[in-house]
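What follows is a set of structures to go through.
Look for chain A in each of the two complexes below; its partner is chain B in the first and chain C in the second.
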Partner chain A sequence: MVYQPDRSQYPQQRADGSLDIDLESGKYLKLWQGPQHPGITGNMSLELTVCGDEVVEAKTHVGYLHRGFEKLMERRTFIQCFPIVCRICVPEPDFNEYCYAAAVEELAGIQPPERSDWIRTLILEMGRINSYLMFLGGQAGSLGLGVVAQWSTYVRDLMLDRFEELTGARIYHMFILPGGVRGDLPEGFQQRMEETLKEIERTLGDIEDVMFCNAVFKKRTVGLGYIDPALFNPYGVTGPNARAGGVAKDVRRDQPYLIYSQLAFEPIVGQDSDVFARADVRRRDLLLSIDLIRQILAGMPKKGPVMAKIPNVLHWKIPPGETYIRGECSRGEYGYYLVTDGSGYPRRVNVRGPSYTHAVALLERLIVHVNISDVAGLMVSLHTYPPEIER
Partner chain B sequence: MSIQDLLSPFTAWKNLFRDPVTIQDPFNDRPGSERYRGFHKNDVASCIGCGTCETICQNAAIDMVVGEGEPTGAGDSGLRPRIDYGRCCWCALCVDICMTGSLTMSNAYTWVERDPDAYRFTPGVDKKSWDNAPLGYQRAESHRLAPTQRVTMGEVAPERRIGSFEEIVQGYGVEQARLEADRCVSCGLCIATCPTHMSIPDYIQSVRDGDYEKGLALLYETNPFSNVCGRVCTHKCETVCAAGHEGEPVAIRWLKRHIVDQLPVEKYRRIIGDPKPPTGKRVAVIGAGPAGLTAAFDLAKMGHSVVVYEAREKPGGMFRYGIPEYRLPYDAMDIDIEIITSMGVEIRCHNRVGTDITMEQLHQEYDAVLLSIGLHLGRSTRIAGSDHKGVAKAVDLLRDIADGKSIDVPKQCVVIGGGNVAMDIARSMARLQKSTQGEIRVTVTALEDLDHFLADPEEVKECGEEGIAILDSRGPQEICLDDQGQIIGLRTWGVESIFDEQGRFAPRYNPEDEQIHPADRVIEAIGQQSDVTLLGEALTEKLAWNRGRIAVDGQGRTSEGWLWAAGDCVNGPDVVHAVADGHRVATDIDLMLQKKR
Partner chain C sequence: MMRELYKKTKQLFPLGDLTEQRHDLVFVSIPHPFLSSLLRHLRDKEGFSHLVLLTAVDWLERGEFQLTYLLCNRSKAWDMGVRVVLPREGATMESIHTLWPTAATYQRELKEMFGIDFPGSPGVNDDFILEGWDDIPPYRRDFDTLKFAEARFTQRPGRESLDPAQHMAKHHSDGS
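Let's look at the complex of A and B:
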């Protein structure tokens, strides 16, 4: 459903641009979706104005998950920020760890060992798989296909087992820290990872059968939430949301970081720029991640240090400077802007979470003219994690 | 849309016949992985209570509390980390930073309690089921959050230094010192151990910050002999340094020296400040060594008028006349002494109490008298031949060298003793031999085996580098003489044990393991004692004594109310202990003088 520039059938606009909605008329209804709602990703609210079962306006309300991470970090030493950053994004925490560590390393002039770069890449791809598995369950669930979430959660749990044995934790891994990573791969890791990847591939085949080759799912999603590629740049759309519209934006290829330049891959792109296309791009991107993990485990140097020598972290001061480190997470471009002032604390840490652009401005625009029962499916299709919005 | 899209979803039904993938806990145990970050464990016996875990914890989940049943001692605060699982985020930075590796985590998954307070516990002290779990998170060998290796100190090469009394240790440059200072974790165990309780972490921080003026002010708060102690302190602080448990201790002594090296003497006085207005009280100090001069410095700062009586030509006491110049250059000690005199302390050299002025006169003329006369008499082994004129005491020879007297350098000499004084005289003799006869023929024989030498390990190492032969576990038996009565060597037996079962000194020898070490001179360096003849018979009688040393109370006051004693003559040889003693008696003397007012 294409965005309608012709607003004649919608409420009149006032001089300040807001809609002239007369709730007393009985024509319109204000409806809150969220903050606790199965159709909302994370805790945020949509204040919907509906006319019949059609949304005529939506306002996003965030703040339910605000924990003030960026401000907290200004009062923590550089090492103390390390356990905090992962909490900015629960399903894919590792990007925070990587971007923060890389930013600190750049400003402090530390070169992490090569092997740690391989392990970091491995972890980021493992995290991407987990994030996509969660998405698939959510996307299917938002349209009533509950079984997919059960399957994807099962294989995601297998990946969490791999995370547990590699990093020592299942959700908040806290493994990538300034200077390198905390430890080497455990004995026999490659083989167990291969078994997990095979199980994920098998499950993805099942998911393809029941979700992507599903008349109901297609009927509900094809054409829903179309994003005009012309909006990508003005709205800061990145990642699968942009790639599903045929724009091959992928930081991994556009500005390779870690060891991505040594891996063979092409960004996954779709064409239709609707909910179905976005889900499909993510499914294929997941398969790409599986391939990348195999490439990483095969190509990784067998020996070598995983941690650089770093100064005493208890009173680590970093010279004045600023940097922006970015990477391609499962939702798009993830970035950390770090400013240091020569003290033992970051002067400013700004997190560029892709959800900020996707879940607020873009969603408010796409949601107009959407049937109320499709709001959840549309929102999930943008793959947003509210903690990123309100760091 | 196709017919396949209608039928395909029904393939989900095939899962009806699959086994469930869930694990039913607690009926099926699912152990955590090998490095899972579960619940904390602490090996309380190796934990030193340094508190770095508490410092690094960004959740403030760790409090250092008194560990029940954990003895407090040197290098152990007796505190143990108590962890609040209402705050902990299991990041394990506490495990990573732990200086001894005592803090680890088990791979236990679940812990169920009814009492919420139970989740605030002291690992290791409060016994838990997972205390002996073999698996769980431990810091990887290579994973260190603070550098473990000391920045190498520049030293004059053995072949060059042996030719002169040039100072061996060259001192850190600014960047080297900053790197070394960076290693300190500011736990403060060193403060508790240092006899004079210097603010070590704070002055190390001032090195990191490059704020040397602040550093000097901190040094002078507790020690007016930082030039001296920065070179020859026995550095008990480094022995207990937290960094020394899994790496090398922070070079605290060299950092202290670095601070004083960075500032010109002219700045010292402004940083230290001026003395208080005169009180009119007069104090006499006997002996211008570290204890006496420290007390004099403190008392002068308090506004009292202090006169120091020194028998020798120059002030400095044991550190001028007992420590060779290559370890402690005279210029360095002169700086410290100059600052002390600039505070108004009058030092009367060549003024031997007992000869030039009597104790009774001092008692009459001054409000208080401090005795800090050091240990200038060498002890004798009393073996056969030890009264020969060719047998010398190390302290006498060191004093003669310091005084610039010409020494009759032996062609070959043997030193008896394994302490720092033995090393000092052996190395001094080696230098004199090198400059007079070109070759070094010095042998050190010690009762102790090498692992239990009383001398600092670096002293022993440097002796070896300089070509001095060190023979351990050798007990002296006789000075061997030839027909003309000239010394030809020292006869020793191998040592089987030094102490008896009660721990008393009672060496046992193996006579079959006999050696004769050729020498034309034997030097005894087996300990020193005070020359207390200055007291005079009456006072000696009156004073209380403790095993040959003057007995003092906790404040350094003798049994005579007007007389205090401090330093080596009371405590045995140790510069920093003497400094601490000086502070203690100065405080007590000041208290007494205030009461008198």
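Let's look at the complex of A and C:
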């Protein structure tokens, strides 16, 4: 599909800017994609207004997984918040743990030991690989390539094994807590990680053949869902969605945190800013994460503490203050805004998930004039995780 | 460096005190009528082109809402949080969706969760996360989640809930 920017006059706009859509005319149809639909990511839905098989208007609906984490945290002590933050993003929970821990440490004046920073970086890159592997399966599946999801799920499972031996858990690791990390690397971890990375690299080679060199996949995705780089700032576009359009936004490089300033890498960028370019940037970013993990395991201090001394967590009060901590997750900028008031509870926690901007305002704009059959592929290409929209 | 920017901007706008949280993160306050023009100035003249987030803090005891607009200047790796204080009663704020279209989503959520109105913001009165909600906006401090849960849900029989601090105090006093 070729991007045609001049088709915005259909249907006609009313004087107030709203679209003149008369459902009674029989020309338009309301269609719900989700919340239970194979072409939707997670627990959200799209209310589509279609004319024939072309979408003329879309509204994102969220709230199917709202658990009120930000409010719940106001009733919990700082340490009680630690095991629930990871649940805000299911496929890549570790950024919640890191951002929350770093925000608490900053306001409480705690300096985590150096070795824990290396382990935190390792965990975040492992989580990024998992998230990208899920994405590749979802992106291919949304366009009918079911086998890619089976392969990527297999190698993701190997990475979950590494998570399990390191943290004791496969999905919600609860490993990065204020002050450091819960434990050290197990014996022989580096070797087993290397075997896992090699298997992922082999599988990525296969995925490149069947997905990125596939004529059908290219025909369906090249030119679909073009995001004009001029929209990146107005719509808060970050991460691979921006990098695929040639803007090298990467918090790891722009505002290095943890030990990223000691690692050798350059942000992965693309050019075309369409679905294909976004998928390709993520595939190459996945290879970068593999390289970063190798650098981390080779450069990590061999010994040292992994946890700083923290106060008695049952009576832990943090002086009044506010801060914002950000990191580059697989979908863009992830951040925690934490306000404390001197009590034993957070005054306010606000989670900035990249899906918040990508899945609502941006998606609603991009989806107009797209064919219904391309909606799933377009939506997946923005890599949105609804739980971080409705925290 | 951020201090110089603050001094320069203070000559143009009635900024409150500067809070330097980190070398790359500061917070400033401004009276709400000047917010929109300050944000436009920071966006167009000072390179703060990325709206990172917009959120509210409920200072119930002071009868105030604090709105925080966090902006980022990526080329200099600076973040600036602009704070605005509103009275809790009938809180209304000017919409900034014309500066950043994505702000409409934040404002819609703030209307629903805190009851802060942003007249003119697209879809601000539409349900966002909650549907059919008839209580006070739930992220206000005076909304009691425990009371709400107890009124609507029943505990599974045999389930015990302990306060960690009281439990540990009892544990130590027993000498066990």
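The rule is simple: the second predicted complex is superposed on the first by the 380 of 391 C-alpha atoms of A that agree within 3 Å, B and C clash if a C-alpha of one lies under 4 Å from a C-alpha of the other, contacts with A are read in each partner's own complex, and residues count from 1 in each chain.
Criterion: a residue touches a chain if its C-beta (ideal position, glycine included) is under 8 Å from a C-beta of that chain, and two chains touch if they have at least 3 such contacts.
These figures come from a predicted structure and were not determined experimentally.
Novice: Taking chain A as the common reference for superposition, should the pair chain B and chain C be classed as clashing or as fitting?
Specialist: clash
Novice: In the overlaid three-chain picture, which partner chain does A:K249 touch, first (chain B) or second (chain C), both, or neither?
Specialist: second
Novice: Name the contact category of A:Q80: first (chain B only), second (chain C only), both, or neither.
Specialist: both
Novice: For A:V306, select first, second, both or neither according to whether it touches chain B, chain C, the two together, or no partner.
Specialist: Touch partner of A:V306: chain B, not chain C.
Novice: Quick check on the superposed pair: does A:E201 touch chain B, chain C, both, or neither? Answer first, second, both or neither.
Specialist: So A:E201 meets neither chain B nor chain C here.
Novice: Taking the superposition on A as described, I'd like to know which of chain B and chain C A:L362 touches: first, second, both or neither.
Specialist: Only chain C is touched by A:L362; chain B is not.
Novice: Contact-wise, after the overlay, does A:D53 reach chain B, chain C, both or neither (first, second, both, neither)?
Specialist: It touches nothing on chain B or chain C.
Novice: Looking at A:H315, would you say it contacts chain B, chain C, both, or neither? Reply first, second, both or neither.
Specialist: both
Novice: Between chain B (first) and chain C (second), which, if any, makes contact with A:E165: first, second, both or neither?
Specialist: first
Novice: Check each of 169-177, 187-195, 205-213 or 313-321 in chain B against chain C and return the one that clashes.
Specialist: 187-195
Novice: Using the superposition on A, tell me which residues of chain A are in contact with chain B and, in the other complex, with chain C.
Specialist: 77, 80, 314-315
Novice: Which residues of chain C touch chain A once you look at their complex with the stated criterion?
Specialist: That would be residues 19, 21-22, 24-25, 27, 49-53, 55-58, 68, 70, 74, 77, 79, 81, 100-102, 104-106, 127-131, 138-139, 141, 143, 145-146, 164-165, 168 of chain C.
Novice: Over in the complex, which chain A residues touch chain B? Could you list them?
Specialist: Where chain A meets chain B, its residues are 76-77, 79-84, 147, 151, 154, 157, 161, 164-165, 167-169, 172, 174, 182-184, 186, 206, 209-211, 213-216, 218-219, 305-307, 309-315.
Novice: Which of the residues in chain A end up touching chain C in this complex?
Specialist: 62-63, 66, 68, 70-72, 74-75, 77, 80, 106, 233-236, 238, 249, 254-255, 314-315, 321-324, 326, 333, 335, 337, 339, 347-348, 350, 352, 356-357, 360-362, 390
Novice: Residue numbers of chain B touching chain A in their complex, please.
Specialist: Listed in rising order, the residues of chain B that touch chain A are 1, 4-6, 8-9, 11-12, 15, 21, 32-37, 52, 55-56, 58-59, 89-93, 96-97, 137, 140, 142-147, 182-186, 205, 208.
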